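Structures are listed in the sections that come next.
What follows is chain A paired twice: with chain B in the first complex and chain C in the second.
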Partner chain A sequence: MENTLKKSVSRPITVGREGLLLITLIILCIVFASQSEFFLSSRNLTTVLRNSVDLSVICAGMTIIIILGGIDVSVGGILAVSAVMIGRAYQYGMPDIIVIPIGLLTGAALGYGNGLLIAKTRVPPIVATLGSMYIFTATLFIVIGGVWISGLPNSLSFLVLGSFAGIPSGVFVIAVVYGGSWTILRRTPWGQRVVAIGCDEKSAQLAGISVVRTKIQAYALLGLFAGVAALLYVARLRNVEVNIGTNIALEAIAATILGGANIRGGVGSLLGALLGVIFIKITQNGLVLIGVSSLWETVVIGGLLIAVLAIDAFETRRTS
Partner chain B sequence: MKDPLNQRMFFLTALLIAAGLLGAFLSPYFLQASTVTYLLQYVPVLGVLGMAQTLIILSGGPGIDLSIGATMSIVGLAIAGLAANGIPILLACAIGIGLGGMLGAVNGFLVCILHVPSLMATLATFFTYSGLALALTGGAPIGGIPEWFGSLAQGRFLGIPNHMWIVFLPLAVVLHVILSHTRLGSHIYAAGNDERAAFLSGVKVWHLRFALYCISGMVAALAAIMTISWFQAARADAGDGMELLSVTVAVLGGAHIFGGIGRLSGTILAVLIVTTLQVGLQLANVSQAWQLATIGILLIGSVITDNITEDHWRARVRKRSNQS
Partner chain C sequence: MSLKTIFVAGMALTLASTFSAAAQEAKRIAFIPQIAGIPYYIAMREGAEKAAKDLGAEYVQQGPTSTNAADQLRIFDSFVNQGFDVIAISPLDEETLKPAIKRALDQGIVVLTSDADAPGSARQFYVAQALDQDLGYTLLDEAVERIGDSGKIAIVSDSPTIQSMQNWIAAVQERAEQKYPNIEIVSVDHTDGTAARAYAFASDAMTRNPDLKAVLGMASTTCPGIAQAVEAADAIGEVLSAGFCSPNTARGYIKSGAMPYSVLWNPADLGYLTVFVGNHLAMGNEITSDLEVPGLNRTIEVQTESKVIVLGTPSVFTIDNVDNFDF
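The block that comes next holds the complex of A and B.
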């Protein structure tokens, strides 16, 4: 028991999972490329990349939360409320230098609220965030009133739509977010605390870790990432839709689980999660290109999630 | 009054009266006899779903069924589709209940045999089922339900909707008797209270939970049948939001989210509270968004108070045992 625990803490990235994901991804790409010649064009791949930037950013935070042993199904709501705040701020004519902190702070504050609820009152994270998701959705409806916010300035668009030295700028955004998250998670005491709580909350508490504070900080961090994603979303589309963020929580959870995170906490991989995001986005894009209705996206991702959960379960049963 | 569950019932009754007063305050149309009929029209669908959810939560694990609403949507579409293709509606309903049981068995398989955490498993099936419902129909409702079938949910007997008499009350009585007067019921509580102790005393914990997931699917099918009869059509989004609502009424009704504690009567009171609030807000022409927010706040509030009262209760028990 001690041995397996030690193994899972010191070597959380299973090479097998990421390698497997990469191979599946390549096979998937070959299939799509053989069915549609447009698939491998640089224009299409850039579009896929641009579409995956917001999800990737959220997924980095979601990985940390799942490693912590929690879950947050309200990230879509946080993204939506932050995006609405950003949109409204732009409409009042505020400059970027004010709008950016507004977006980030809104996200972090909402995440902090979630964390407070979960850590202080010990409400199970799924129930707490389901509840707050409905409150966030309601807030969105009340503020936005069923009308799109559109025609927003393009001053931040270079973050997603631009390119630097021939490389789309989304790559740099993702690199910064994942580099930062990896450093926080694997190279700081705070990251160690997150992993410890995810492995065994009681022992972590007994070892003197402030579980409540770490949890609140982790949820606030996810909220902050959702705020970043909201900024990138507005920068990309320059409007705020009424149904913004409805599916992003599932996609983020699915990508993280696909990438090898264990829903029971303690184990997870940022690189795997990123591969998971790419996998999901490539699937969505490829299905549309080969002529499958986009309505099937949810079915495919849900089915994929079930399959991965089942495979994981078989694997744990075999090893234990 | 020492028993926290009795306290809960007292609290819920007070909350129900408060919700009624709020409705009367918000809208002049609320305090009419027709409001009761209107209100009871909504109760059976949420009521049966809430009871199924309560059973799943009670049996512990921790158990939860987030796919209950999506199952309801997909079964509704299947029944309407069969009926539209000339299969007698009653046979279609029977097939629908079977289908519901099978969809529930998928959850049961994932949770009880593969031991995937129920939250994750049912979240995955929730998205798969609701995605399927939308993808197979393209979002278009399916009609073609024989008119006489509408009498189930549209007809009334003694001023109370028929589906209240035919579906909700019998199910409530049966489940209540099972839960509080049979060995099966005490097994459910035992599994929720202490899985290991229950297992060691011979309760087949995981078999029991598997059966409950199947029952949850079948109950979702009953909810679908009532909805079809009511609206004379099946929609892909018929069960949207029902997963949250059913968890809300179960938890508000006093079911502890980790199992073992709770009562069906609490859930039914909670259903009445939620429905009264919804109808009151509707009559007062308050927007849908506020209704969502109210339910979200109610859910979070009820779990918080639940935890706080439980802490108090534990502290009191500990104090008493220290004194003696």
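The block that comes next holds the complex of A and C.
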């Protein structure tokens, strides 16, 4: 009796996280739309989409890492180093067919390094990636040598700025990345291993799962996504600046948690994370449009994050 | 003249020069920029190193890897502990530095602000690139020349903790109020230093104001973003972007027409002047209103009351002259 009651109470709420976020998002949109006639214009929504593509891609990888019970605060650094490699490759006159693999491989290699460090040495991921973040940032400074890389070719800009059959190309990029990630996570044995490790690493190990290998692969995948994000960033802004990637790790973690991922691992939602990204980008955009100082956006996002975590903690206490 | 005499004379010369160098020991001068590794401060370092060479001083430049006031303070303190004779700084945050500046002065170190000021601190002089007011006025005047004296303008800046940028914003606003009553400044937004945020703010400003005429960037970090936003919106010719941007950063956009001009000064000259002033003070000399800097081909303005030394009027970079500069 008690068991069934517990199920009937807790079940709809866990399912409802994406729904809850969607409702909050809709309310937010109504508020912004009522204050600014331009908010719902196709031009504005396209702009928001263009500004969301790189963060969305990183968030897909971050969701998998958080489900695994890990975290990566160095993704901004991976994005930065990949972007610098891409920029330099363009400067040496290399064609897209070579530049693209350079960007992707750089990201994947740095992610692989993170995974190796975390899985082999068992340093807590937040500390390990904090360390690598510093190294990546320094690498950026050393490679860039003080000269910003500007005026890069726009041959890949269509991936972010273009459109296909009237639909902005960013939609397709996000669909491919999220479709692929969902399939890997929910429809392959590898994805099941990720969830199992996130739920209980020891049991997963005892069940014969290669924890070390799965972790390394997951971090390499996130690195690969950061490399994709770097390509999209450079395609959109045709510029690599010293501050590139500054806040993207924190935004990615915030979006993933807003979207229902549990920071302790085991639980997470790709759809939720995507909604989290949209929430953050809509907030940034909407506040500007209705004329509220942009300084408030961090207050709104931070406040909501605390609210979400408080609800989570409350729920955990009630159900356990 | 025998070989021996030449040898002796040479020895004497060497000795004499060694002695005179010992009597007038080379001054050690440090400068702390707001951030390491951007072209602007690299150009400043080149000028500063040239001055150090001309004056027989030693010059070191070290800045934080992100615009972080605490890191700047740490670097400042480390220069104090290393016994530098002159420390110049482009402060990110006045309040953080005030006590440290006081301590350094008490130890007999010459403390200057350069590139940006901390007017409430005990710093001896502020070596200014150009007056904040002149910069703000020039930026808006040049815009008005191109878009006419009425219309909407949006401002995109870097972190609100950077005092000089706040002053430039105020100067632009003041100029608009006093001289161009029909220019309306519709928004002021602050980025986190990334081009992506500047791009987002500029796009949003254009969306919110379909009749927007210009986006002005207060920081070099905002320039690629705002210019790229104008290009992406296919608004070249309709919306003008401009700002305080280094020629290298703005070059591509000046040529595409998205950013018809950029206002700044020559940072190499600023670096030169900073080292000159620091060395001058460390030698025990006074700064007077008729200060002359032999290595610089321009007139320096000294405001003895506010203790500000101004490099001169701002430069405007356009398609006609941008290729003459490399910073």
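The criterion applied here is as follows: the second predicted complex is superposed on the first by the 301 of 320 C-alpha atoms of A that agree within 3 Å, B and C clash if a C-alpha of one lies under 4 Å from a C-alpha of the other, contacts with A are read in each partner's own complex, and residues count from 1 in each chain.
By our rule, a residue touches a chain if its C-beta (ideal position, glycine included) is under 8 Å from a C-beta of that chain, and two chains touch if they have at least 3 such contacts.
The shown structure was predicted, so the numbers you read here are calculated from the model rather than taken from an experiment.
Overlay on chain A: chain B and chain C clash in the combined arrangement.
Look at A:L295: by the touch rule set out above, it reaches both chain B and chain C. In the superposition on chain A, A:T246 makes contact with chain C only, while chain B stays out of contact range. Shared-chain residue A:L232: touches no atom of chain B or chain C. Shared-chain residue A:I306: touches chain B; no touch with chain C. Touch criterion met: A:F141 reaches chain B and chain C at once.
Of the two partner chains placed by superposition, only chain C is touched by A:N44; chain B is not. In the superposition on chain A, A:L221 makes contact with neither chain B nor chain C.
By the touch criterion defined above, A:V75 lies against neither chain B nor chain C after alignment on the C-alpha atoms of chain A.
By the touch criterion defined above, A:A204 reaches neither chain B nor chain C.
With chain A as the common frame, the single stretch of chain C that clashes into chain B is 93-101; none of the other options in 3-11, 39-47 or 93-101 do. Common to the chain B and chain C contact sets on chain A are residues 137-138, 141, 293, 295.
Within the complex formed with chain B, the residues of chain A that make contact are 71, 73, 117, 121-124, 126-128, 130-135, 137-142, 250, 253-254, 257, 263-264, 293, 295-303, 305-306, 309-310, 312-314, 317.
Interface residues of chain B facing chain A in the complex, by the touch rule stated above, are 62, 64, 110, 114-117, 119-121, 123-132, 134-135, 138-139, 244, 247-248, 251, 257-258, 287-290, 292-293, 295-297, 299-300, 303-304, 307-308. Chain A makes touch with chain C in their complex at residues 36, 38, 41, 43-44, 47, 50-51, 54, 137-138, 141, 144-148, 150-151, 161, 233, 236-239, 241-247, 284-285, 288-289, 291, 293-295. Those residues of chain C whose C-beta lies close enough to touch chain A in the complex are 35-39, 41-42, 65-66, 160, 187, 189-190, 192-196, 199-201, 203-205, 207-208, 210, 221, 224-225, 228, 232, 248-249, 251-252.
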